[in-house]
Each structure stands twice: as C-alpha cells, then as structure tokens.
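Scrolling down, you'll hit the structures one after another.
You will see chain A twice below: alongside chain B first, and alongside chain C after that.
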Partner chain A sequence: MTAHVTLGTREQARDGAPTLEAFSRQLLASGILSPSGVDGVWVRSATFERITEAVQRSVTALGRGRYETIQVPPVIARATLERAGYVRSFTDLVGSVHVFRGSDQQHADLLRRCDAGTDWAAVLDPADVMLSSAACHHVYPMCAGRLPPGGRRVEVRGECFRHEPSSQVTRHRSFRMHELVFVGEPVDALTHRDAGLAEGLELLSTLGLTVEAAAANDPFFGRAGAILADGQRQDAAKYEGVAPVGDLPTAIMSANYAAEHFGAAFAIATAGGVVAHSSCVAFGLDRVALALLSAHGLDVDRWPVGVRQRLWQ
Partner chain B sequence: MTAHVTLGTREQARDGAPTLEAFSRQLLASGILSPSGVDGVWVRSATFERITEAVQRSVTALGRGRYETIQVPPVIARATLERAGYVRSFTDLVGSVHVFRGSDQQHADLLRRCDAGTDWAAVLDPADVMLSSAACHHVYPMCAGRLPPGGRRVEVRGECFRHEPSSQVTRHRSFRMHELVFVGEPVDALTHRDAGLAEGLELLSTLGLTVEAAAANDPFFGRAGAILADGQRQDAAKYEGVAPVGDLPTAIMSANYAAEHFGAAFAIATAGGVVAHSSCVAFGLDRVALALLSAHGLDVDRWPVGVRQRLWQ
Partner chain C sequence: MAQDIVGADITEQIREVIERFGNLVVDMADLDDADDLFRAGMSSFGNISVMLALEESFNVEFPEPMLRRDTFETVASIRRAVLQLLEQ
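Entry: the complex of A and B
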C-alpha cells in the first residue's frame, strides 16, 4: 500500500524545500491563487486551472473508458445528504442553503436589518438543497434499485464544500473532487478500492510527486464520531495518498471502501439481489495542483519535461 | 443590435421543431441531463460537458488574450454580495450558507431533530459565505483602489446559484456563467458592452443559433425593484441574446452596463481618479449548450460540420 517515487533532482532539492508558510507566500505573490476575502475560498488563476484541468484529464485517463462520466453541480438535494448520513456524522462541515420565501412585510424587515447591520439572514428558510460535500454523493441516488451484473462504475467530478475555515492554502472550503466510484458486489467494491489506490498512487508518482499511502479516517463529528473513526481505521476502510505541500504532508487523494453504507441508505441492490457495496477513489484536484506547484516550482514552463509531457501531451 | 443567422436546413427544420416540453422529454430520455431529485439542479453527462467546455473555449477565444483569466468557486464572501447590493435587490434569488457552530448539547439537539424529522437546519448559523450569484461579483473586490490606465479586463467563469425553482430544463438554479468584464473609464465601459454584445451575438450565430438581441432588465425584487427594473430599461443598460430552446425564446447571453454601481460599492477609481464604471458580457454556458442541442439535435456527432469544426477544431 505504499509507493515511493523520487525524481533524483527533486528529492535533493527538497532538503532546501520551503516551509508551507514560505510556499504560501510565494504562491500568493505569484497570483496563482488570490484571496477572496474569507478563509478557504480562493480565486484561481489561468495557471492554476491549466494544472487542475490537466490533472482531471489524467484521472479520466485512469478510468480507461470503463466509467460513465458525469459532472455534478455544487449543490445537492437536502434529502440526499440526509440519507447519506452526512448531516449526522459531519455536522460541523455541512453547508446548508437558506433562501427568502417571505412576504413584502418580511422583505421590509430584511431591508431594515440590512440597514441596521444586524443579521438579515435570520429571516431565511432552509431550501431543499445543501452544498455538496463529496462529488460521489450525487451518484448513489442514481443507482437506486437493482444494478446490472458487474455493478456500475461512475466517474464524477464537481465542486464540494466543507466548512473548515483556515487561512492555509491547502485547506479550501470550496474545492474540486474527481472520483472513480464503484457500486456492486462486495468483493468487487474492495478490489476497486485497492486497484484504484495503487493506480492513483502510480499516477501521482509519474507526475513527480513523492506520495505515500497512509491508513486514515474521516473526520466524524462529536462523541459518537470518535467511535466511528476508530471503527473505520480498524476496518482499514480508508487510505489517503499523502504528498508534501511545502513541508506539510497533505492528503491529495483517498481510496474509500464504504461497505454497504450507501447501498443500504439508497436502496441499491446487486444483480444477485443483495445490498450493494461501494467504494470510491477520490482526487482533490486543487490539492494535487498545489502538491505539483510545491514539488516542481511556480513556473509551470520550467517543470521537468517528463511531467509536462504527461500533463499536456 | 440584432443578428439573424439561418443555416438553411436548420431553419426549415424549425417549422417542425419540438415544443420545449417535447425537447425536454427527449433530452432527459437521452441522459444528456439527469434529474438530481430537486428542481433546477441537474447532473450533467459527458456529452453535455463536451459542449459546455467547447463553448467556454469559444468565449475565451472571443477575449483574444486581452483579459486576465480567473476561475471562481461557487461561494463568495457574504460581505461581497452585501456590498454588491445583491441581497437587497435580488432577495428572493440568493442562497445563504448556514453552518453548525454549536456545542455538544446543541449537536444532541440537532440529532434529535434529525430523528424526529423536524427542522434540524434551524439550529445553524449564517456563515461568512453565500452562494455566488454572478461570476463577476468576485472581480470587483479584486479591483478595489486605483486602476491602471485603460482600466482592467477580466475573463471570469464559475458556477452560480439563483433560487428560481422550476422543473424547466432551461432554468437551472445552479449554472455556469462565463463573463468578460471591464472596469475603467465610463466611455470605455459602454464601448466594451456594445462591442461585446455584437461579438457575442456573432459568435452564437456562427454556432448556428438563431439569436436576437433584446432590451432587458434584471429581475429586481419587490416594490422598489419594479422601479429599478424600469430605470434599467429606460437607460438601455441591459441587453440579452435570446435563442430558442424548443419553442421557448431563452436568454443565453447578456451584455450589461452597470455604470458606477460596482465602482462606487467597491471603491474602484480610474487612473484619472474618478469612480470607475463597469460592464460585463455574460454567457450562460448551460443555456448555450441547450440552445445548441435544440437547434442541431441530441446527437452531437451529427451536428452541422461547420458548427462542429468551430467548437472542436
């Protein structure tokens, strides 16, 4: 479960690699990311997008045409996120969308609150949508019912939101996930996770990243959450691919075996009639881009020729 | 301000063009868009994305390298949307992001509400972000202060949200905007708007769309909103490029002169020291894709060769 790749000159250069703080300063000075005025929400330059789009193409290539491909919006049905168990388990991370459905009189109240600088948002109501927390959450309701033999493979990308305010350039509240999802027979779901992890690490390695697999857990919330996190580690259900950004080891991909969690929640049955299991291999496109900028420098045109060829040819 | 282009066979075919309802049925049956479980939020297929990405490249080409290019996340600083005046003027369209910042006890309360099926979102607080309503809103805070001579040109794309629930396939609550924005001298802002409108209509025409410019107004909310909308029409501040989707004339682009609205709100001064004016030419990538599918059919490989060449060569 571990892949080490060292491109000689890069590894030597790492002895003098900047700290995350120094890397961040250089990154912002370069304009590759620009602040938006709030923590964890970044405006992306053409250079940054050139990288994330190339990584995205690489992930698609990893799928080798075996997946249905979808792109999902950044909002999702509230009922879907509730059924996924996300609200209960990751309560502190969710973004709930609230809207105005009031009368003229309530609008006048809202305007008065705006004028007074008090909390106008208090007059809003929850909408039927929330911010999407993981791209794959859109996939499971689409699989409800009986799956075809061999299960279903879906490549999904979309922008996600997790409320983790931080000024660190590696912790975006709004970020792009690109996932390869499998839903089907239990044994196939586990195979998909393990093969996807190996292939994902290999991909990141060929891009010149020093990436290692590490057992991990999701950041379940609250007291019950600690028990869930322990269980996830004991079951070896989650691995992350970790690469340095500056001097900070940063999870840039993950490979997750969800067992029957989503199959049960969304009433998905295998062709054989049992509750479907699922797994997903997820790439954080923004974080992969940051790891690449950290490894190869801020001037993309001076990245190692092999890396540029893999990304842009 | 009007551009008509008719590709002979297409225009003839339009006599038998399906209604929006029939087009929608065929579109959904084809899987080009899939429902997400709530109105106005659609899962996008690889085919749909192939089209939106090609349109996006065409809009970038329209900029001819004269613009800084940025990509923006679907959330924006709450303070930015407030300063932009969007909350007051389009109160019914905004999406406010609310998050959990409570104690263990409040979490227990939230879980009880989840169990009981009552409104758990009532225990949330407004975050410092909202959903982005227009891609260009991210641009104005970046321009605060004194502009360089000649002003600033920014190409911006991003996913936007407007709370207009509808089952119509043309009215997405979550949708992609691609805009060419100018901020600078008043006369230059107006020139940018008019030139961008002409060039945008020309672009859409070369893609085989029957597109017409129409004076328009933004959907300002409430009683005061009606007055603002009237003023906008009297000032000829907004034009839309309208093309049929099925039999429904649909705004697929707009060209907007905002005068000093954003310059004043975000303290942007021209090189000469006066309040900057701004204008933007905005393409609704999802709607342009729908208009193309309506005009040329659901099988992209059978679109007119000239259109395919423009989009993919």
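Entry: the complex of A and C
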C-alpha cells in the first residue's frame, strides 16, 4: 500500500495532468466503464476489455513460455484461503459466499423478509467457498508435495475480490489479476521476484507509462497487521509499480517475495526436501488499463503508434 | 534491589510467553536476552501471538508506534517496551 494523494475538486494537477476526479468523469461519460450501482464494482465495455486482453498477452509474453498457464475461477475453497493466512491477516478484505440450505419453512421466512424489505441474507449460511482474493492462492495447493528440480512456474489469471468499497475508479472490489508465480528454492524465488519486477516495469514503460518502483506493504488488518506490515517492509518483501491515474499515484503491479509462507502452509518441498519459497509478480489488469487510458487518452485508436503496435500487433 | 527483582520476574515472564507462543526452532534456555528471536525462528505470526500474549500477561496494550518488528526482536527489547508501558 503506497501513499495516495488526497483528492480535491481541481480539474488539473500542478503538472497540468487532469485530476483523478476529472479523468473519472471523462471515463464514465465515455462509457468505457459504467457504474454497477455499488461502489467498487464496474461494468466493463468492449473498449476496456480490448485493452485488458492486450495487456494479458503482454504479460504472457513476459513469461517466454517458461510457465504452466492456468485460468482460475472467482471462488476458492474456504480451507485454501484459511491456509493461505488471508483470513487471519486481511480479515476486512475477505468476501464470503453464502448459500441457502434451509427448509420450506425457512424459505417462507426468506420470502417474508424479501417482501418486507428486511435482511433476507441473514437466512443464508456460509458455503465451502469464498471469493478469491488473489489469483496465486489457487497455485499453492497444486504444488503440495515435492517439487521437481528447478521448482515450478505458473502463470495464473483470474477474477478477484477484496472488500474495499470506494467510489474511486481506481479501487475495484471486483478486479482481474494476472500473475507469474514461482515456487522452489529460496534463492530462485528471490531472483524470480527481482527479475520479474524489472521486466514488469520495463514492459509498462514500453507501453508509455511513467512507472516507478516503490517499497510497499500489504494492507494487513488491525494492530497485528501493523507488525506484519513493518516486517514486510524490513524484509523488502514487496515492491509495487506505481503509475499515475489522473493525478493519483496508483499501484498497477507488484512483485512479492513470500519466503516460506506459502511453502509451509501448503506443505510444498523443494526437490532437495526443504520448505519451498515462493514469489509472484502480479499485474492488476484493470488498473493497468486505467493507467493506459489516463496516459494516452480515452480514444484508443489515437494512442501513440508505438504503444498500439506493442499491444495489438 | 526491589526493582532488580521485579525486573528479573518480568524477564522470566517474557521468556515464558516467548517459549509458549513464539514457535522458536531453538530451546529458549539457549538464548540470551540479546539474541535475535527472528533468527531463532519466530515467524511474523509467532510475533503476533507473542504480542497478544504479552498484552494479556502484563495487562498492557502496545501502542501503534511500538507495533514494529524491532520491539519484539529480543527479550531485552521486549523488556524495555513492557517496562515503559508498566511505568505509564
């Protein structure tokens, strides 16, 4: 989490760029994103998808064929999210799936609540799945056991949810992550993180974005989270690639070294038999698209030729 | 003299909490007060368990500025923090 600029009502930032507020207004007027009726959930147009699909192809190209590729669902086993430590450390971001398992009598109760406009969801029970918080969480159970020599590389893409309701167009509750994940020897995990950060920043720069690396920490919950965040910064475990959307510096990618956290949680061993380390390089596809729209304008066909060639040729 | 005895008791109490909640990979008895607990295997989650157990044990609450890794790095650093809170 990096420092965010406080929004004013100005149209232009000091450097002449539109403010986030002005950019958002133009973006919504263009129909590239449309409001869904709740904060942080946006309906995406074909133009927006054209951009995110092109960014996905660019991220895949970064992998140079070295990664197994998987596409993951928007829900994840409750047990996996627990083992990943997400429920403990990011309690306020978790999204739970609830289902109806009641009797006819309870169904009647639900209908009465619906008719009365009262809380019908109180009749539901938690399911055995949660909303997926990070695409890479799906990868670690797949790697349980002993890894092959050299570890395992997985490219993973999926819909994610984090309960951070905000009216800002940069903060989506429902968003897409595209990650390059490595699980294996400790030194290789760190190398993967560092190389992935450098290559990711270069990719974003070649797309015409002004992007900078910044040491960061995850938004761990509560007082316990303050210790985790401090530890993460002390370990230089997380970096973000930050680019402006309007005048708001926005994290559009991250490079994370999780050390033995996931290896221990999911009983993953290296070929040599020690607890595996992991790292991931993650791109927020929706935020990269927003940064591109902010940098190059809302008319994609008028983006700089070099950027269009990189994305679509 | 009295203060030394209190100080010794506090150190012992801290050591007991770390031994119980720190998930160290070495024997607590082999660690000096200045030894790095993270090098001795205390994980971030172990750190949090120790923090919560210390708060319960001493009936104190670590304020925000103390919620840092270096507060919990050694028995000695924890002791300094606990003494500071007990004196308030």
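Basically, the second predicted complex is superposed on the first by the 298 of 313 C-alpha atoms of A that agree within 3 Å, B and C clash if a C-alpha of one lies under 4 Å from a C-alpha of the other, contacts with A are read in each partner's own complex, and residues count from 1 in each chain.
Keep in mind that, in the parts below, contacts are C-beta pairs under 8 Å (C-beta built on N, C-alpha and C of every residue); 3 or more make two chains touch, one makes a residue touch a chain.
Just so you know, these numbers come straight off a predicted model, no measurement behind them.
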| item | value |
| --- | --- |
| First (chain B), second (chain C), both or neither touched by A:T69 | first |
| First (chain B), second (chain C), both or neither touched by A:S34 | first |
| Which superposed partner A:R88 touches (first chain B, second chain C, both, neither) | both |
| Which of chain B and chain C A:D299 touches, first, second, both or neither | neither |
| Partner chain(s) touched by A:E21 [first = chain B, second = chain C, both, neither] | neither |
| Partner chain in contact with A:L228 - chain B first, chain C second, else both or neither | second |
| Residues of chain A at both interfaces, chain B in one complex, chain C in the other | 88, 223 |
| Parts of chain A lying in touch with chain C, wherever the complex brings them together | 85, 88, 223-224, 226-228, 230-231, 234 |
| Interfacial residue positions of chain C with respect to chain A in the complex | 44-45, 47-48, 51-52, 62, 64, 67-69, 72 |
| Residues on chain B engaged by chain A in the complex (per definition of touch) | 34, 36-39, 41-46, 48-49, 68-80, 82, 87-88, 91-92, 94-101, 104, 107, 110-111, 114, 119-122, 124, 126-129, 131, 138, 141-142, 159, 161, 163, 165, 172-174, 221-223 |
